[in-house]
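Each of the two complexes below includes chain A, the first together with chain B, the second together with chain C.
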Partner chain A sequence: MQIQRKMREFSRDPTSLLRRHNDGEAKVVGYMCSGIPEEIIIAAGLQPYRISNIGEHTSSLTPSFICPFASAVLENILRLEDLFQGFIVAHTCDPMWRIFDILKKKVNKPLFFLRVPHNTKNELSFDFMRMEFRRLKMFLERNFVTEINNNSLQSAIELCNHTRDLLRNIYLLNRNNEYKVKASDYFSLVLASAWMSKQEFNALVEASEFGSGKGQGNIRLHVNGTAIYDLNLITVIEDSGGFVVSDDLCTGSRYFWDNVEPSQDPLSALTSRYLTRTPCPAQNPLDDRLRYLSDMVASFNARGVITYAEKFCDPILYDFVHIRNKLASDGIPSLLVDYESPTQEINRIRNRVEAFIETLGD
Partner chain B sequence: MKLNSRKKKRSRVLQTTRKIGELIVNYFSKAWDVKTQDKPVAWITVFTPVELLYALDVYPIAPEHFGALCSARGTILDYLKEAEKEGYSQDLCSYSRCCLGYALSGLNGPMPAPDMLVTFRNACDVYVKWWQSLHIHLGTPMFIGEAPYVLTYDDLNNYVLDYVVKQLEQLIELTQNKFGVKLDMEKLVNAVNLSDKASELWLQTLKLRRVRPCPLGGRDSASDIFPLVVMQGTEEAVEFYDELLAEVRDRVKRKEGVIEKEEFRLMFDGIWLWHAFDIIKYFEDKGAVFVHEPYSEAWAFRLDSSKPLESIARKVLSMGLNTDIDLRMEKFADTIEDYHIDGAILFSNRSCKSWSAPQLVTAETLNNQLNIPYLMFEGDMADPRQYSEAQVKGRIDAFMEMLSES
Partner chain C sequence: MYLGIDTGASATKAVIVDRRGEIASQAIVPSGVNFKVSSEMAAKKALDAVRLDLEDMLYVVSTGYGKALVNSTSKSSEIACISRGVYRLIPSARTIIDVGGQDSKAIRISKDGKVLNFVMNDKCAAGTGRFLEIMSNTLQRPIEELSMLHFKAKKPVKMSSTCTVFAESEVVSQMSQGIKIEDVIAGLHEAIAERIYTMASRIGFEQDVAFTGGVSKNKGFVDALRKKICLSPVLPEEPQIVCAFGAALLAMKKHKEKP
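Up next is the complex of A and B:
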C-alpha cells in the first residue's frame, strides 16, 4: 500500500521530513517524549517534531553506562540543532533529566524543561502539572512572539484528537483474534504522525484503506517498552512467526490511546489527559501499569509479551521483574530482550525472539 | 622498659570521627527497640524530611546508608546476588539492589522491617522505581513525594514550593491516620531547631577546610555526615557536631593538617567508593588532601523554625543534584576559589546515573572556564565487582604526576 511505503520511507529517514518542514518555513520545535503536550506547540503555530535515536551513534558527552537511546537522541539534537527553533525536554527518567543539563550547556536555542510529576495519582499533581503547562505556554509565547488562546488550543486539541482517533481505529482492527494490520506497518504510521504536520497526516490516512493484509506470523504478542524507532525490532518478531497485536510503547499506543476531553478550560483538559494517559514506566503507580498491561494482553488475546529494554534503562529494568511476575500469575509467558544497538545485535535479538515464539507455538 | 621508643606517627583521622562507629551501632539498636515497642519504622530515601518523622514518632531508616555500610564491611555481595537472582539487572543502582536483596532474603540484619515506605524524588528518579519495587515485594504502605527540579531560586517561593509543602501535609496526615499518632508542633519546632543547629555546626566545620593545612580530610567527611543523614533533629547529632567543630578548631589553632606535608588540595565529585575507601589514603600518601566534596555539603541545610514546613520543603527541594546545572556550576566556581583547589577528581559512578550523566560537561567547564585539571574514573560506589583497583590507581598516579609537574 502506497501510504505504508511512504511512511516506511519517512521512518527510515526522518531528517528528510525535517528538512521539508524547514523548506516550507515551518518553525519546528523538537521534543522527545509522548508526555509532551503537542497541542500547546501546535496552538502556538509551531510544528512539533519528535526527535528519535535514528542514526544510533551515542554521544561522547554521556558516560558509557547511560541508556544508549537517550544518548543517541542527545547526539541527534546536537547534530541537527540548526533545523530546530527550540527544544522541549520532559523530566521522565534520570537520563532525560540530565540531557536537559547537557543541552543547557551545549545548545543556543530556546530550551524548556517540563517537570512531569512522577506520582500521577496524587491529587496535588494536577495543579502542579497545569502550572507547568502554563509555563510551557508562556515560554512558547515569549520566544516565538505569538499568542496562544483558548481558541487555538481548542482547535489544536481537535486536530490531535482526530489523529488519535484515526490511529486507534486502525489499531483496534486487530482486536478479537483478528489479524488485519501488520505492526511494522502500523508503527511506521505512528512515527509519521509524530513527524508530519497533523493536517497532512490525517488527510493521508483518511484517503487510505487499512486492514486488508495479514503478516506471516500467527502467534499473537504484546510488546512492552519505551520508545522504539528501529522497526527491525518489530520485523524480527514478524519474521519469527509472531504477530504483534498490542503494545504499550511511547512510540505506540501510549502516544495516542487517550483523547483530550472537551472542556471550557483547554489547559485543564490537557492536564487531565496527560496525567491519566496510558501508564508510563517512569511514573507511579506501578500497580496501574501492571493492571493496564494485563488488560491489554487479555483484550487483544496476546499469548505472550516481549519486553524490549534499552540497556541501562532503569524504568523498564525495574518494572520487568514485576511485569514477569504479574504475567506469570495470569499464565502469560514473557521475555526480556535488552540491547545497546539493535542494528549490531539483530542476530542475537532474532535468536532470542525466535526461541521464545517457538515455546509459544503448538 | 625503654622509654625512648619512636613516637607514634600522628593519626590523620579525627578523634571525633572515630565515634561514628558507636553512633551507628546505637542507631540500629534503637531501631530494634522502637520495633519491639510496636512503634513505627519508616524506610526512607536520604533526602526525605527526617525531622518531620521524628516529630511524628516514626523512626527513620535509610537503606542507602545500609548499602554503603554493607559495601564498606564487605557484606554486600550476598544481598546484591539475591536481587540479581530475582531478575534485577546488574546495571541498576547498587544501593537499590542491596536493599531489594535484603528485603527478598527475609530482612535478616540490622534494618527492622518497615511499617511505611517514604520517598521524595529529588536526588534521582531511581527512588521512584526502587520504592515501587519494595512496595510490591513487601506490601508496605508507601508515600512517593515529588520535589521538582529547581530551575531558578524562584522555585523555592512559588507554586513549586507550595506543591512540596502540601505533600508534606499529606505525609503528616497519612502517618497520623495510619499509626494513630498526632503531630506535636512543639516537637517539630524542636526537631527543626536541632537539625538547623547540626547543619550550622557542620557547615562551620567544613568552612575550616579552607585553611592550609586542611584540618579535616575525606576520610573524616565521609563518615562525619552520618548524623546528618538519619539523625537530623536529634540531640545526639548536635552533640556530635559540637565536639567535631571544637576538635577541628583546635587543629586549626595548632596548624595541624590531615597530612604532614600538604602539597595538593583536591575536590572530590561523587559518592565515595565505600568498598575501596582506602583510595582516599592513596591520595593522601601522595601529598594530596580532599578539601571539598559537594557530597559532604549536600546534607546540611539551614532551617527556620518559625516556618517549619516551608523550610523543610525548601530543604527537600534544594539538595544539590536537584538544583539547576548553572546554579551548581556557580557554586563550583566559588568553592574552587575559596578552598584553593588545585584539581578535581570526578567519580563516574555506574550506579548513580543522575550524578554521572552530566559529569563530562561539568568537567569541561572545570577545565575550560575555571582552569582546573581533573581526573575522571569509573566504578561503582557499592558494588566491588564494577571496579578495577589497579587501573584506577594507575590513573591516579598519572594524574598526580601531571599535577606535580604543572
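Up next is the complex of A and C:
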C-alpha cells in the first residue's frame, strides 16, 4: 500500500518530482502527449517529463473555444519554465499547434514541434514519421550537445519497454473477472511513470506488490477519453459502485500497451511502435480505435463504457458518435460526460455516473 | 408508510406513499442553498399532512443533487426514481422527457419499466428550468405568466442562440425593437424545446412519451415541445413530484426486499 500512497501524492503534486529532477541536476525536457517518443529524449541523456493540466484551468493567452486542457498546459509551461531545459509539442490537434505558436513567442528554451501523421495507415505515414523522429533526434543533439547513437537508443528502448511490461502486468491483474487493482491507484502509477526517472520507477514497482484491491461485485467499466490527470474522474466511478477495469486514455493504456519491437534500426522500430500503437482520438483510421475499444471491453469483461470529454475537445467528441454506435451494436451501453474542471463540477458528474452504473446494475 | 425525497436544483419534493404505493401526501419547497434544510422542510410538510413523524417511515429513499446530505435509509439516482414513478403513473410510457431546474433528461424504458437508455444535458443551462427562470427575470414577468402569454403569440421569434447568456442579450435586443413579449416568450419556449428535442433524439422517441419535471408545468413549453416532437405527450397530474414519488416507491420495494 505504501507505493500507492506515494503515487497518489505524486499525482496531486507532480511539480515536487520536477523540482527533484532539478535538484539532482537532471536536464528536463517537457512534453504533453503520449505520442512523443520518450526513448529519444532518454537516449540523449535527458529526463522526459509529461506536463499536465494540474493546478490550472484557463489561460488569458488562448481563446475560449480552445479546450481547457491545452490552456492549462500552456499556463503550467509558462509558470514552470525555469525548471525545464526544453519543450516538445506534438501536432496532435489544432489547439496544440496554437499552443506551440504561443510558446514560440513566450519561452526562451529550445522548442520542437513534432508533426505526427493523422492518417497512420497512409503509404507515406511511416517515412514521414521516421523523418520527424530523426528531426527530433537532431534537435536534441544540436541543442544539448550530445550524440544519440543506436546503442543509446537501444538501451532507452529496453528501459521503456521494461516500464511498459511492469505497467501492463499490473493492468492485466484485473482480467478474467478479477478485481485486483483499483484504477485510482493504477492511474496514479501510470502518471508517476511519466514523471519519474524510468530507472527509479521500475525499481520501485519491482519492489512492491499489487493485487489486493477491493471492489468485488462492482460494475466493471471501461473509460474512454484523452488525458486524465484529475483522478476525481476515476474515484467518482469507484465511489458510485463502479470498477474501472480497462481504458483507452493517453494517461492509461495508450501510454504503455505496445512495446517497441527489437530491431537493428532503433529509429524505425520506434516509428513502427508509435505509428501502430493503441489508436489516439486525434488520428485515423477510426476503425482501428473502434476495434481496440471493443477488444478491451470484451477481454476485461467491461459491462459499460464511460467517455470523458473535455469541453471543446473535437477529436473525442467526433469519435464518440461512432464509438457509441459501435458499442451499441456490441450490446455495450455507453455514457458521455463532458467536463471543464472536474473538482469544481464533481456533483454534476457524479449525478450522471451514478445513474449510469445504477442502470447497468438493474 | 414510505418516504421519497427529491432534492432538486430549484425545488425539493417529498412524497409519502402507503403500503399499496398510493400517494398519501406530497410537499414542494424551494431548495435554496441548503439541501439538508430544504429536505427536512419538505419531509416535515409531507409528514405533517398525514400527522406522522419521520420515525413512522419504514424506509426513506433520497435522490437529486443534494441526496448525500439527506437523512435517508438509502440513495438512488434520479433516472431510476423518475422511471419508477412514471411506470406506476403511466404504464404505457416508453420515453420520458424530464426537465428540471438544472438538468434535462430523456429516458427510454421497457414495457416492464426497466431503464433501457438515458441521456442528460451537457454542462449548459440551456434547455433547463434555469434558462426560463433567467428569461423570466429579464422580461420582468413571473414564470407562471410565461405559459399564459405563450398562447397569445402570433409570430414567435426565432432565437439565434440557446446559450442562456447570449439569449438574454438577444431578448433585451428584441424587446428594444418593439417585438411583442408573447412572441419573445413563445420563441424562448421553442428554443428550449429544440434543445431538448436534439438531446432526446440521440436515444430516439417511442410512444407513449411522458413529460415530467417542474418545467412541464409550463403549458407553453409543453406546447412547443409537443409540436417539435410531433407526438402527443402524456403528463402526470403533478409532473414535478414524479421523481420523489418514484423514490417513495423504491423505498417500498427496498423495504420489502430487506432480509
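Here is the rule we go by: the second predicted complex is superposed on the first by the 359 of 362 C-alpha atoms of A that agree within 3 Å, B and C clash if a C-alpha of one lies under 4 Å from a C-alpha of the other, contacts with A are read in each partner's own complex, and residues count from 1 in each chain.
Here is the rule we use: contacts are C-beta pairs under 8 Å (C-beta built on N, C-alpha and C of every residue); 3 or more make two chains touch, one makes a residue touch a chain.
Small disclaimer: the values here were computed from a predicted structure and weren't measured.
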**Message:** According to the stated criteria, A:40 is in contact with first (chain B), second (chain C), both, or neither; which is it?
**Reply:** neither
**Item:** Partner chain in contact with A:333 - chain B first, chain C second, else both or neither
**Value:** second
**Prompt:** So, does A:311 touch the first partner chain B, the second partner chain C, both, or neither?
**Reply:** both
**Greater residue coverage of chain A in the superposed arrangement, chain B or chain C** = B
**Message:** After the superposition on A, what does A:355 contact: first (chain B), second (chain C), both or neither?
**Reply:** second
**Message:** On the A-aligned overlay, A:345 touches which partner chain: chain B = first, chain C = second, or both, or neither?
**Reply:** second
**Asked** Given the touch rule stated above, what does A:205 touch, chain B (first), chain C (second), both, or neither?
**Response** neither
**Asked** Which of the two partners, first being chain B and second being chain C, lies in contact with A:125: first, second, both, or neither?
**Response** first
**Fill in**
Residue overlap on chain A between the chain B interface and the chain C interface 311, 338
**Request:** In the complex, go through chain B and note every residue touching chain A.
**Result:** 86-89, 91-93, 121, 124-126, 128-130, 132-133, 135-136, 144-146, 148-149, 151, 159-160, 163, 166-167, 170, 324-326, 348, 350, 353-354, 356-361, 364-365, 378
**Prompt:** Hey, which residues of chain A end up touching chain B in the complex?
**Reply:** 60-67, 91-95, 97-99, 101-102, 104-106, 113, 115, 117-119, 122, 124-125, 127-128, 131, 282-287, 311-312, 314-315, 317-322, 324, 336, 338
**In the complex, chain C residues that touch chain A** = 65, 76-80, 103, 114-115, 117-118, 120, 122-123
**Prompt:** Which residues of chain A touch chain C in their complex?
**Reply:** 311, 333, 338-340, 345, 347-348, 351-352, 354-356, 358-359, 362
